[in-house]
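What follows is a set of structures to go through.
Common to both upcoming complexes is chain A, partnered first by chain B, then by chain C.
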Partner chain A sequence: MTKTDLIDQNRPCRLPEEFIILDLRLAVCLKQVPSGQSGETDPRKGFVLRSGPGRLNPFDGSAIELAMSLKDRFGASVDLISMGPKQAEQTLLEALCLGPDRAFLISDPALVGSDSLATARALALTLSLLGPYDLVVCGLTTIDGGTSQVPPSLSRLLGWPFAGRLCKVVGLNEKELHFQQRYQDELLEATLPLPGVVSTLRESFTPRLPSIKAKLAPKKVTVLSALDLARSPLLANQESLRTETVDVAQAEGFSFGRSGGGPAKKTEPPADPAEFDPALYFGEKGSPTKIQAIRKPKPPNRVTVRPTAAEAAAVILEAVKAVKS
Partner chain B sequence: MNRIQTSNVILVLLEEAEQGLSPLSHSLLRAAGELAKQGQLLVYGLLVVGARGLPGLETFVSLGMSKIVAFSGLETPTAQQAAECLIAAIKRYRPQIVLVGANERGREIAPLAAAACRTGLTADCTGLRLENGLLIQTRPAFDGNLLAEIVTPLARPQMASVRLSAPADEGPGLVNSPVRAVEAPAALGLAPTAEILPAPKPARDLLVLNRTRLDSADDLEKAPVVVAAGLGLNGPEGVAKAAWLADKIGAALGGTRAVVERGWLPGDRQIGLSGRTIRPGLLIALGVSGSVQFMAGVGARTIVAVNSDPRAPILGLAQFGMVIELEELWPEFEEIFS
Partner chain C sequence: MINPPFPSSDPKCPPSHLRDESRFQGVQAELKTPADHRALAELAVKSLERGQPMTFQGARTGLCGGCVPLAGQAVSLTLLDRPISLEETPEGFELRVQPGYDLASLGRDLSRRRFDFISAKVKAETLSAFRSRPYFWPPDPGERTATIGGLASTRAAGPGAHRYGSVAEHIAGLNFLMADGQERSVRRGRHFFRNGRMLLPGGQELAVDPSRLGLSEEADLLDLLIGSQGMYGLITSLDLKLAPAPAHVWALVFFLDSEEKAAALADVFLAEPLSPLVSLDYLDEASLKMVLSLRKTASKLLEIPPPPLGAAAAVLLEFHSNDESEIESAAAKALAGCQKVGGDPDQSWALTDAEAEKMRIVRHAVPEGLGGRLDQIRAKGYPVFNVASDFTRPGPSLTRCLAEYRRDLKAQNLEAVIFGHAKDNNLHVNILTENVSQTKRALELMADWLGRARETGGKLFQEHGVGKLKRELFAQAEKKETVDAWRTVKKTLDPHALFNPQNMLAD
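Let's look at the complex of A and B:
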């Protein structure tokens, strides 16, 4: 591979003069979503039922692809990290067939009911525990929850810079990632200092097919519990779980660290991992938002007609004419 | 029960457009004005402005704001820069409620700020109301067929990203929130107070090397007529017919998530909660069921819906709901346009 393969000739070269193996550590955060057309929901509580069969969130395939393309081009290790029920192991095993090196699943009843902040917190602590990583890649959003809040929240909790909507990678070195990001009205070219968090546009990185070699290779998923996260360096020094909020926390009455447990109370880091209480950080209690009610939208109330094709076409053209005049 | 001390402020993150504020900002201010009425609150607007400075303050009087907070010195802020400004304003004013527009940039800024405050954030709200100081945030959920009401009982501020909802013809200036006399210079015929602060900078951020405007990008948003393609078109051929019709009648073409998921239309054509928001004078929905997911992206004045399924929710939402097989329609149009 030559340098010209790696950079756009029209742009100033931001890469080292000679191609070198960078040996960076990449992590991809991904999610298993329900397989069905629409996820089965618990009719009373409104939770998405995650006990059924699952598949990889389609947006996350592009995140894996971006990481794997960096691995191919620059030499890097790729770890997959997911949070979910035990059966998400299957989705991680399938994703390993695309070539990543290792897979980790945080699975614990204490995590059930986590909102986007509690999810980002669990992922941040996991990345800190398994790291240090140079770059974390996420899909733009998920097809079930669909908030797209976890990647930016995660970057903030880690204290790392964030770049969203990546559509092309231009280059990579030990200090920065050089890329393009696409918004509806703008195409940006930028660099992100490492370590950092990025999200990918789904249509820009089409996932590769599983390789036979990877399919045949022995694969395993390491399962972590919520208690394992007590050993996370991020929790121990509280750097990024606390620093930036100290000022805000001094403004009386803001709740930080743990968000749902109670007002105006900062969480001190546990002196002993054994004192770590996952319920303060994750799950329903550790999530600042709660689902209060689930309801059906108002039923339709307008009269509809069964026209002939000619009548229907006429209605459509009339309506167009009315708007255009 | 709730011992959290906050001020009586609703903080709204605003966006400048070519002339004044963006339509989404007007929509946010309408929502904030309603909440201000329900909860005896004040609306503060937050703007991140470049060297050009603030647009005329008198513009804001009619929009129901008691204060405009401007962070200056950032021409085109990155998401992190905008988030730093929002965090600084949250620290300074300790608002009860923070509203951010749920567009591409707002979806990055809001979670950065919410995570810094370790508070809750509800994405893509389509309805907001206050009950005893608690913000009841309604958003489509579970594949868009149900509505969830979400609250942030303890952490503050209560943060929500909000979808553009009002129809296009509802212009600015409709909000007349009652503001308290002491802090309401607007009521006395004076300009609202403005505070101009230097923009804080994130410690580490991306460095933008180059920007390219994408011109055709807002065709769907600006189109007076939009044709929406749904699963009822039964495949890429049906979608091609819809595209042909859109071309013939001078309409922009969009589609539902299901159509995009199947690859019948590219991702940037998606209308709805996880896609783009349209506000045309006329929406022609072809084979679109009309899920909450889809309708969250629609603020059309008139909807004409064609569907073969008489139970499709869109038929109840449309001004003209017509039950007919779409295949029957094409020969008719081909004849008309031949």
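Let's look at the complex of A and C:
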């Protein structure tokens, strides 16, 4: 459905309540995944090896659709944000054909091999750098990593509430999003205070297809490096981006609702970010990987004042080097 | 076209082998499913010796009852479903396949560049040369489960026939088991007509004027066998000509708010050809509704948004090129064409490379939906078939052709789902009937249209064949000398009428 289907711009009329223009700022986090059926993984480190052409993670198509349908209905700007290799730019260019306003790619050799927490941190830094945003929309999971951890981790890092498995938007205003979410056979209705983070059910929002006009229009992706992220205001509250996956193993079973994927509730920012335990933030599907031990690095110097860009970049680079190794 | 829907009570043949996608109903037959080539050849030779008729079956997706047995045995070829070998010839790569190998398996194997060959003789250097770049088989009939043997026997064609032609242009040769029980290799140009005569591989002579069969003077035996609906013998293997795959594929869909605008847009593209264009198809409003209703059940369609509100018809294009900028400029011209006919450029889809498959899924949903609708009507007790056109009508514009069809349908108080290829007005007008009187009127109308098409040089029974369902229409629409010419071919190649009896020609 396009905006013109809903609002006849040639006819002066009072817009019905639900079509009030809110001018919200929305961000969609998305990922490029390998084009093939299954991505090869590094047997030692467990992360996906990327080569050849990529495509948009199919779950993220529904996230873009939700954001675009809110833009159509309520008026909003939509930014796309992705972290990945340089070739992910192609996926962002294609996603821009669906109508979002801007696209950003966080791409830095230092970030290769990031796990879900490092990814969430990089995304959180970017969101606070480019924001403020009212709503961040993510796909439920990815077809390659499949952890479902990034969206709830992101909410925790940003200190915003999270709602997972959205299947319908019931209403929206500047302060809150009224939505339905589905857990197996259960349909829940709840309200998410804004700003917030949501993940979408793939089957509930069929992605639109690009128009020929949009396909032919010039498009641009802004590439951000780790150094750029160092300017993020969020960094003032973060000591390190460092995570170290000591071991990765198949989990024996999943449990629902352990994470922020349950009905939305306001989460507090971590009192001490160094104590942040990702095991608490498994996705709503449960995590297929179990992090058996988290080696918590002793924070370097506690950052009490906002660092300069160069200082922060050094911290980030040191942290991501640890992730790589 | 009305045939009692009696289900099979014969334990020797499950009901699913007594029908095809046309829902034409067969009678008792013994089902034979040979496991390999040797078992197939033995079965065929024995049946020929004993005078037992055989009806060959591929995937049974045919739309004319060609594979439906009315006597003797149903010989299913679905277990002969593997690629045999790959060869590099001066013209390019040739892939030899068994007749039951299907289009989906071919697409999968070509895209992963790996085959599960029967023969261990494929040279390593041939394989590595083949793997150096992607290849494809240009014909693109919509039904991916159809077998290569079935596609060759019906001379199937997809939307890509606009540029690439039918399967006939992409088969270099085949092995063929003839009425004397011998299997022979038939290659392009080896057995051809000269002064109305052709020396056949077994040594007999076929005396028939090729022009009566709608063939040119240069036609050869391969032209005669491709599209022969199993009437002259059994295809035991086929050599497919592979072509280098284009680096870029774009599919464009324009949704228009009236049939007139859509037809005018297709006419613009026909008048000013866009160089990378390989297909140009048309879907009417009833077709779009069919897609919409199938969305409720077909999981593949759920990944695709519904046609926009208010869309009354769609024009579908596919571009192939190694140069993406060539496609981009063609797409820009197409967009200008849309504006020229008063279309809304925002009501369009542009799908590139792997995403282009979505357009094919939408197009395929129309015949699939029609099959479902037939089942609904048949469930009410009326044993109806789809009365569908399958001919070219060169000459008039698509606009004029569609207007004529609508006028005639209205005069007969009939409804139709119209979709198909814009080139030469190769449209499938599917008349939906729910009672005897409607079916009678539909058949009369179809016969009238076929006659008009024949007069203007159109090719009748183009893609789906005649089979058993359209035998009467064939006899009505073709000139007597044409029907007699086909009878001569049948008598010469299958003197005891043991191959696919009752196809095309009533006994």
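As a working rule, the second predicted complex is superposed on the first by the 208 of 325 C-alpha atoms of A that agree within 3 Å, B and C clash if a C-alpha of one lies under 4 Å from a C-alpha of the other, contacts with A are read in each partner's own complex, and residues count from 1 in each chain.
Convention: contacts are C-beta pairs under 8 Å (C-beta built on N, C-alpha and C of every residue); 3 or more make two chains touch, one makes a residue touch a chain.
Being a predicted model, the structure only gives us computed values, none of them experimental.
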| item | value |
| --- | --- |
| Chain B versus chain C as contact partner of A:R102, first or second or both or neither | neither |
| Which of chain B and chain C A:G164 touches, first, second, both or neither | first |
| Per-residue touch tally on chain A - higher for chain B or for chain C | B |
| Touching partner for A:K71 - first (chain B), second (chain C), both, neither | neither |
| Touching partner for A:Y183 - first (chain B), second (chain C), both, neither | first |
| Partner chain(s) touched by A:K219 [first = chain B, second = chain C, both, neither] | neither |
| First (chain B), second (chain C), both or neither touched by A:T191 | first |
| First (chain B), second (chain C), both or neither touched by A:E203 | both |
| Residues of chain A contacting chain B in one complex and chain C in the other | 203 |
| Of chain A, residues touching chain C in the complex | 1-2, 4-5, 35, 55, 94, 97, 203, 206-216 |
| Residues on chain B engaged by chain A in the complex (per definition of touch) | 2-6, 79-80, 83, 87, 90-91, 94, 103-105, 107-108, 110-112, 114-124, 136, 141-143, 145-156, 202, 204-214, 217-218, 224-225, 249-251, 261, 266-268, 273-274, 276, 280-282, 284, 292, 302, 304, 306, 310, 313, 315-324, 328-329, 331-333, 336 |
| Footprint of chain B on chain A - complex, ascending | 11, 38-39, 41, 46, 48, 58, 115-117, 120, 141, 143-144, 146-157, 160-165, 182-193, 196, 201-203, 244-245, 247-248, 251-264, 287-297, 299-310, 312-313, 315-317, 319-320, 322-324 |
| Of chain C, residues touching chain A in the complex | 252, 254, 302-305, 308-309, 328, 331-332, 334-335, 338, 345-352, 354-355, 358 |
